[in-house]
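In this document, chain identifiers A, B, C, D, E, F, G and H correspond to the written order of the chains, with residue numbering beginning at 1 in each.
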Amino acid sequence: MSWTVYLSGEIHTDWREQIILGAKALDLAIEFTSAVTDHDASDAAGDVLGAQDNGFWRDHQSSKVNAIRTKNLIEKADIVVVRFGDKYKQWNAAFDAGYCAALGKPYITLHDESIIHPLKEVDAAAMAWAQTPQQVVEVLRYVVG
Amino acid sequence: MSWTVYLSGEIHTDWREQIILGAKALDLAIEFTSAVTDHDASDAAGDVLGAQDNGFWRDHQSSKVNAIRTKNLIEKADIVVVRFGDKYKQWNAAFDAGYCAALGKPYITLHDESIIHPLKEVDAAAMAWAQTPQQVVEVLRYVVG
Amino acid sequence: MSWTVYLSGEIHTDWREQIILGAKALDLAIEFTSAVTDHDASDAAGDVLGAQDNGFWRDHQSSKVNAIRTKNLIEKADIVVVRFGDKYKQWNAAFDAGYCAALGKPYITLHDESIIHPLKEVDAAAMAWAQTPQQVVEVLRYVVG
Amino acid sequence: MSWTVYLSGEIHTDWREQIILGAKALDLAIEFTSAVTDHDASDAAGDVLGAQDNGFWRDHQSSKVNAIRTKNLIEKADIVVVRFGDKYKQWNAAFDAGYCAALGKPYITLHDESIIHPLKEVDAAAMAWAQTPQQVVEVLRYVVG
Amino acid sequence: MSWTVYLSGEIHTDWREQIILGAKALDLAIEFTSAVTDHDASDAAGDVLGAQDNGFWRDHQSSKVNAIRTKNLIEKADIVVVRFGDKYKQWNAAFDAGYCAALGKPYITLHDESIIHPLKEVDAAAMAWAQTPQQVVEVLRYVVG
Amino acid sequence: MSWTVYLSGEIHTDWREQIILGAKALDLAIEFTSAVTDHDASDAAGDVLGAQDNGFWRDHQSSKVNAIRTKNLIEKADIVVVRFGDKYKQWNAAFDAGYCAALGKPYITLHDESIIHPLKEVDAAAMAWAQTPQQVVEVLRYVVG
Amino acid sequence: MSWTVYLSGEIHTDWREQIILGAKALDLAIEFTSAVTDHDASDAAGDVLGAQDNGFWRDHQSSKVNAIRTKNLIEKADIVVVRFGDKYKQWNAAFDAGYCAALGKPYITLHDESIIHPLKEVDAAAMAWAQTPQQVVEVLRYVVG
Amino acid sequence: MSWTVYLSGEIHTDWREQIILGAKALDLAIEFTSAVTDHDASDAAGDVLGAQDNGFWRDHQSSKVNAIRTKNLIEKADIVVVRFGDKYKQWNAAFDAGYCAALGKPYITLHDESIIHPLKEVDAAAMAWAQTPQQVVEVLRYVVG
């Protein structure tokens, strides 16, 4: 029995690496997946299909290309970790959480105590709230162990 | 054939009233539904089940009570309108959008041009992006007409 | 928008009546449904199909007839309340809770503090835990209000 | 064609080992899965996420972490065996049975004759009732043979 | 709460009328539905779309027209009763039973003791086996009462 | 028991009116629904959301607004009629047919004999092929009668 | 890409072997599965769980054990072949066909011309009707080729 | 993580080869699948089941055999590419697109700018519109990279 864990959300800190390395150190049978986390590449994902003058449509075109990947990976994941940092809107992270909730797919949120209140609906549908990547690794160790 | 439209998101401006009145003026066969939009009542929704010292668990308890309502109403809606204002995190609105996307339920976003980029994933899965409640009313008139 | 609430579990106290009367007093737009709660009638539900010498098969035959009713009513309900008393095994109540959980149907548990620990898995998938019928009525008032 | 069998329920006797060894002796192509069956570890599954003063929330936190595992394993299983011993409430076992029933996943109950009556709803939705682990092994031999 | 019961199978005796009259006499809130039970009309259901020389295709054309009706009515039914007489192949009745089983829709079989063995798979997935229309009426009275 | 029939496809002849009038003449209990069939209005359905210089995005915006309506109406329909005329590409009609096929929703095609071959995949998943609106009315009479 | 084909129905002739050997001769990448086809073993499948005096319950117990296997294998199959011979009731074969139809799983019927009419509903939902195992092999060669 | 991409639509140019070779050159972990693209073989797919005088039924028989393959492959695909050329009706391509849309399966359209308008509904539900096979390869490289 091997497991797949999708890592969603914030792309400006190394939380993904910490979880992946932590899981590796424990030799957990987990394959990690993720959206493309290179911000510029992600914004330009659709440009190959044609340049767009209009910012909305450029974003639209790129977001849909990104969604081909993320939709597939989220639906194939056994567990999703959704990270909210202390900056930016991060609506895509909350969107992924809602997507998981509707599918009945278990997800873990990862965020500081300072944003508990605005995340209360997202946390309410989560299976766990972690404050550090290390806690996520501990939970994964327990779950897939 | 009557329609049900769920109004999700921002609770600090009168966009819901504008849409409801606009639809009424046009005599559209639409029943509008919504989460409880009284902020304090919503935060306290679970308090009747027992006071919680811990802020996380108070939020958790209340959010789940709110979710009994919102989950039911979203799943029964034919169309969802998701409003993002220019303040606050509004992760619950993005969560609702993700929930709709996973269900294949058509939703319309309502937000200013200034937040196109952070909402690109949410807009990419939407059926329409409107900037004013009047535009939403026009779309509804066309759709249910 | 009217609501349907299924009342599952313990049949030896008047908790159903308390909830129904409480909802009526508040004039809530709720239709309440339930399994047949007459214990002897329920045990004999299948006898009309033929007497069974073997206790297992008599129970089997009756339980399946009961399930024609309960399966339909649970699947049609918007909300389920699952009551655990302080006596008996009440495995059917836990079974209903699991059934709701798999369907993604919101349910509220109703039980004393003394049985929190053995009900932890059932409560973990619930949207609320109430200790009194009055609390359930308050939650319903908020949810359907 | 290989099979996955999830073993749910009672953790105080060696019924899991008996089934696993019995299947091994017959060289059946079955992978067995299970919740974490170490009682103390299971109760403490969520403690890494933060200590909770309140017993209900400690249980809640741990049960949800356990559910990340059990939900995944039950949904991936081809067959579930649900064991009820003669002690304890074991509502989680009945909950798992209800969960399987709603998913249409075949399950086998394993319990003594003495608790036929309180388990009648759980047995009514089961594909088989066994009284001994050896009987379960025999059924599995037939089914996957 | 009203109920819909679909009556499937044998068309050469008056079992449908007996059930409908029996339910009426008891004033049960049940709407009964059924395939077109006029044998010749059913065989000719597709003829309006063009005469077919080939018997297979004539049957094919008519059966699909009939299926527009039966598929809709079975999926909308709360309960299905499937009747097997002592003559004819009645494979369509067994087909309907399999269709219900896959949908998780409760069905009751109605047949004599003499054909228990060939119907064992059909009965195994049923919620009840009745031998007379009167028994079916009694079960319905209990279930919808 | 009333029925809903969605009329999809060609908008340049009066086939919809013929079916609706035919059904009315027979007093059939059918509610007919349809996309907006005013070609110019349909092309402009999204213009209220903002003018688009780029033809692709104008079409995109309008088609998604139209899809809010059509997706809802197709999913609520009991039967869909898909009409292919002898002109134009009509890929939206074939798209609707594929949509119905994936949902398991019964549909009837309506087209001339001359286009049997290019429509063979669409017809293969249909429940009936009619050549005239009158034949569709006859089938509906039989089905809902 | 490998394929799984479930072979359902008649157990008194060697049609399964003919198809399996035919596919082998062509080196098709197909895994064939089936119910237990030893008649006596199948009838006795549940006996290990306890002897039953009553014929109905013995059949019931065994059929449910068989269904653990068949339900799993049918749901995992890509294609199902359903064989009807010229003897016996074979209601289980028609039941399997209905089960496949409700799941949207493609199935092929295999039967003589003499029983076209009683099988018309079963054939109407099938993707192909073959009269010989050789034809089935040819279709499989084409489909998986 | 490997990916499966189904290539649907036009069979008269070498767009499939271009995509497959392009992906190979980039060493992408993609398995490509497709309908049988030999036109004559496809038209004759059902002939082995019996010659048909009537053109409609010959097409019907063959299309259903083809659908055994295409339905399976589309449902197993992670991504579908749907190609529309500048000739022929290609309703089967639009049908496949609609099928994907209903399943929520991401698809990419591939067609010239000249047919944007008649394809607007098909494009509206697509995740990307490409004009050349090279663009499709670029998108796939990004998505599975």
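To be clear about the criterion, contacts are C-beta pairs under 8 Å (C-beta built on N, C-alpha and C of every residue); 3 or more make two chains touch, one makes a residue touch a chain.
Not measured: the values here are computed from a predicted model.
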Self-contact between copies chain F and chain H, residue sets same or different by half: same
Repeat of the A-D interface, chosen from B-D, A-B or G-H (over half of contact pairs identical by residue number): G-H
Whole-Å separation of chain centres (CA-atom averages), chain B against chain C: 31
Euclidean distance of C-alpha centroids - chain A vs chain F, Å: 40
Inter-chain centre distance, chain F versus chain G - centres from mean C-alpha coordinates, in Å: 37
Sequence positions of chain F contacting 2 or more other chains: 64, 67, 104, 129
Chain C residues touching chain B - in the complex, by the definition given at the top: 1, 3, 78-79, 104, 106, 108, 127-131, 135, 138-139, 142-145
Parts of chain E lying in touch with chain H, wherever the complex brings them together: 52-54, 57
For the chain H and chain G complex, residues of the former touching the latter: 4, 31, 33, 36, 41, 45-46, 48-50, 61, 64-65, 67-69, 71-73, 76
Chain H contact footprint on chain F (complex, rising order): 55-56, 59-60, 62-64, 66-67, 84, 88-103, 113, 115-125, 129
